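Both complexes shown next keep chain A, but they swap its partner, so chain B is in the first and chain C is in the second.
Coming up: the complex of A and B.
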């Protein structure tokens, strides 16, 4: 850890802000609802989960790709009087970065408590693959030299990074298939996951090829849903319902040195974590070895692998072993995406993975374990199918958000106290 | 509308007109900065290495190697429907720049990283010809 980032560590906002509320809609294919109606539902659930009233929320941040309503009507529907709001463009890696933006807005005195949400009809509305209607849009700008060659979908955009990783480090399809296997096990213990069936490595590598080397089961779901989190200061967090998930450190949207067309520069088999990790771990005051549970974004199986590797959870080039040796499964040293993630639970552009880690740090994951007299889950730590998915005594989590190999965000959260 | 939709084609503009004009003549040209002598792809108004604006066009022999690639098994646009599976690749040219292309004229499953390739040209429409690459 040698990169000088030019900021006094004492100036960080480490553990001064927290996520106090989380909420979501059902993960579906065919919501029958507008993105506005789903956002209202998810934000409502998050505010109620926090134990807050709408009058205690005065900030809103939302992100989208021209596929969702803006935050102002959502705030209006909920009777929220905004002192601050912003709608930005983005998909994966937006939520972690916006958590940092929310902290900055509160720190600047612009507002006191911020809801961040993403609402998308990612299956029944505008689909992520940029097929259909979107494919017919004019070719211009930086698409001039890309789309004319059929380079369009997320799978095509990222597959070439994995192809080169296989070449540079000997990583195999079977190794990254283990990510889908692990996440399917986790999803089988998550009643709200859309895909709860456990799969094998053979199921993944024998599924049809979509864009080599990515098979169908290497790719995440497309679903309709809204998801939300509530960010406030640690002082206000004390009045909320749950143990707060303190924000230890955040980076984002960090980039590779060149973002005009990353495949044209630098090592293709390295993702942005390589450039962002010093800042992240220095901000959080911990290292990857201290982390109990991760949420490495699984748009594809290999994105989980590549990010864990580049943020330093294993040595460069050893990500294939790391994700296939049991480490990332429940019961392993450091489970990843215990909800089942985008590969199995539902596709929400990252908020769901933050929600899951907040629940992990509360020690109150919503699995099928019995509820005790205190209203909290009595976790069995029996991870067999249909069982528990709580990580024992989880204290620290990391989310690694992927906007591409060249752009991303990361978040370290710590279990707080009431 | 045509019976068979053609692939999406570029709409040349100020910075790229010369590139597409050359492609129609079956020539691959690259931009080089007169100040720092570095190449850049794709064409733009400013050198992204040194911010110089004295950019010149240089003919390229169009030789390079496959840096990475994917084989697309689904058509992202109806214009690609009769081509699947097709290869999308990044070529590292001898000049040092990398460019996106399709790798054509071979079995997609025979494409390998570091495989030598050379430029070829595909007349996408009467106005637009696309530089493509094929095994050397």
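Coming up: the complex of A and C.
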């Protein structure tokens, strides 16, 4: 089967759009708020962060899994007059794809500035791990071939790919545990993170087994929170408050040649980055070696590892070494999820990892460094516990969003100029 | 009429208009595994669907398929999500490459059929047996009879097959 993956380079919108605002609510386990209330707060924070007023935003995109409020009441609450909105179904990988959709909507003349959000009570409401109300849903249709076997949660489903990666390449639990270790160090320098305690490889591999090969600490958090980003054209970005994070290239919800839960199209130990990376790097005009900071989705330690490998940050099969040799830690060549990610900061289906990279590219990460007379952080680049988490002179970032081994999205951002 | 039953605390339902799944499970209820085969290119497919993933043809026929193969990957579930599985923890979910159509039409494709590890009667395997199965283990299909007319395919160790010296198991310290 031959699939034409190339597109006309004139269709690329490289550096013509930017993320100009980011915002979130507090990461909690038990928000005591509705998803609508949290969405309003996060969207408002992102718009104000951009230096805009709600009335200057006219597009809205949101995603959910039947577990959150729609765009229209959020826009209504904030007095946003929408020229365009859309609510879509999805979890991980949605935010990168929706950034591309926002660019398309603006390019098509449907609106001028789009806010994208995800709001979820993933701990106190519809639990992401599929315990509680989700486990009680009737089994029908495709679920007759998966849930009926106790093959339900994300961890149980993706474990097939992770286990096969260990078999095919000799990847070890200790190697992938280094992802959690790195992210926990990053989280210890992030006052917003829910879990700020640094952990060791031993802590991870000695934590109780959930479903092999996943130990408890290989799995991300379930949290309640909302997160939002504002996308607009580079011309409008000049009037905004911060250095823009230019969108160099985006891949939205790319798939393996055959998308299915039962992995009929192998290799089972290869994820979608293998098929998507050519598009991504061509669109962005850079390669993995040029990237300063990554945001490889850490629903599990393994998802971070597999995606970095399949998008070409190391050779196929060497992901275990890549994530455990210091590269992905602050102070290393290419830190990953400097906020602590879903493993430590909080879980919000990917938006938080884009937010973090926007702040990295602004050189204004919200760590514990002192604020200087210019109102900006005076970063020390001392990454010891409780210290700095700004990557020195970050110019290019990549986000890799995971929706499964067979589908995902990716985003390359570049530091712009005022 | 929609077929409904309960299995390990889960409410199972095969909708009347879900003709693909109805036929799949009808064959399972007689313990004869069948898959859809494309009338144009002849390739078998799993799970039941509505067109041929390789050529897009809509016409199909149901073909008997031998339920034998080897474990391609697996997970051993210890923290149970669905309460009905709690008495059976730890349990295995196996991703099995059927011998039929393995590596066709391309090298890494296979009919990968999911099921639990069970005994020969389709009862979820004991913790002692769970410990013996890993990647490479030869398995054969059996069925869990949920109620008359409704059975689901499962996997049990193939006693008649030559087994690998040691199946690959997740290494635990």
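One rule holds for everything that comes next: the second predicted complex is superposed on the first by the 410 of 418 C-alpha atoms of A that agree within 3 Å, B and C clash if a C-alpha of one lies under 4 Å from a C-alpha of the other, contacts with A are read in each partner's own complex, and residues count from 1 in each chain.
By definition in this document, a residue touches a chain if its C-beta (ideal position, glycine included) is under 8 Å from a C-beta of that chain, and two chains touch if they have at least 3 such contacts.
Bear in mind the structure is a predicted one, so any value in this text is a computation, not a measurement.
Enquirer: Do chain B and chain C fit side by side on chain A in the superposed arrangement, or is it a clash?
Expert: Partners clash after overlay.
Enquirer: Look at A:108 in the shared chain and tell me whether it touches chain B only, chain C only, both, or neither; answer first, second, both or neither.
Expert: Neither chain B nor chain C is touched by A:108.
Enquirer: Output check: A:209 vs chain B and chain C. Expected answer is one of first, second, both, neither. What do you get?
Expert: both
Enquirer: Using the superposition on chain A described above, determine whether A:268 touches chain B (first), chain C (second), both, or neither.
Expert: both
Enquirer: So in the superposed three-chain picture, is A:151 touching just chain B, just chain C, both, or none of them (first/second/both/neither)?
Expert: In the superposition, A:151 touches chain B and chain C alike.
Enquirer: With the touch criterion stated at the top, can you tell me which chain A residues are shared between the chain B interface and the chain C interface?
Expert: In chain A, positions 129-131, 135, 138-140, 142, 144-153, 156, 159-161, 163-164, 167, 208-213, 260, 263-265, 268 sit in both the chain B and chain C interfaces.
Enquirer: Which bits of chain B are touching chain A when the two form their complex?
Expert: Checking each residue of chain B against chain A gives 7-11, 13, 16, 41-42, 48, 67-78, 80, 83, 85-86, 88-90, 97-102, 113-114, 124, 130.
Enquirer: Can you tell me which positions in chain C touch chain A when the two form their complex?
Expert: For chain C paired with chain A, touching residues are 7-8, 10-15, 18, 21, 25, 45-47, 53-54, 72-83, 85, 88, 91, 93, 95, 105-116, 135, 152, 168, 170-173.
Enquirer: Flag every residue of chain A that touches chain C in the complex, lowest number first.
Expert: That would be residues 1, 129-131, 135, 138-142, 144-153, 156, 159-161, 163-164, 166-167, 172-173, 205, 208-213, 216, 258, 260, 262-268 of chain A.
Enquirer: Inside the complex, what are the residues of chain A that reach chain B?
Expert: Going through chain A, the ones touching chain B are 129-131, 135-136, 138-140, 142, 144-153, 155-156, 159-161, 163-164, 167, 208-214, 260-261, 263-265, 268.
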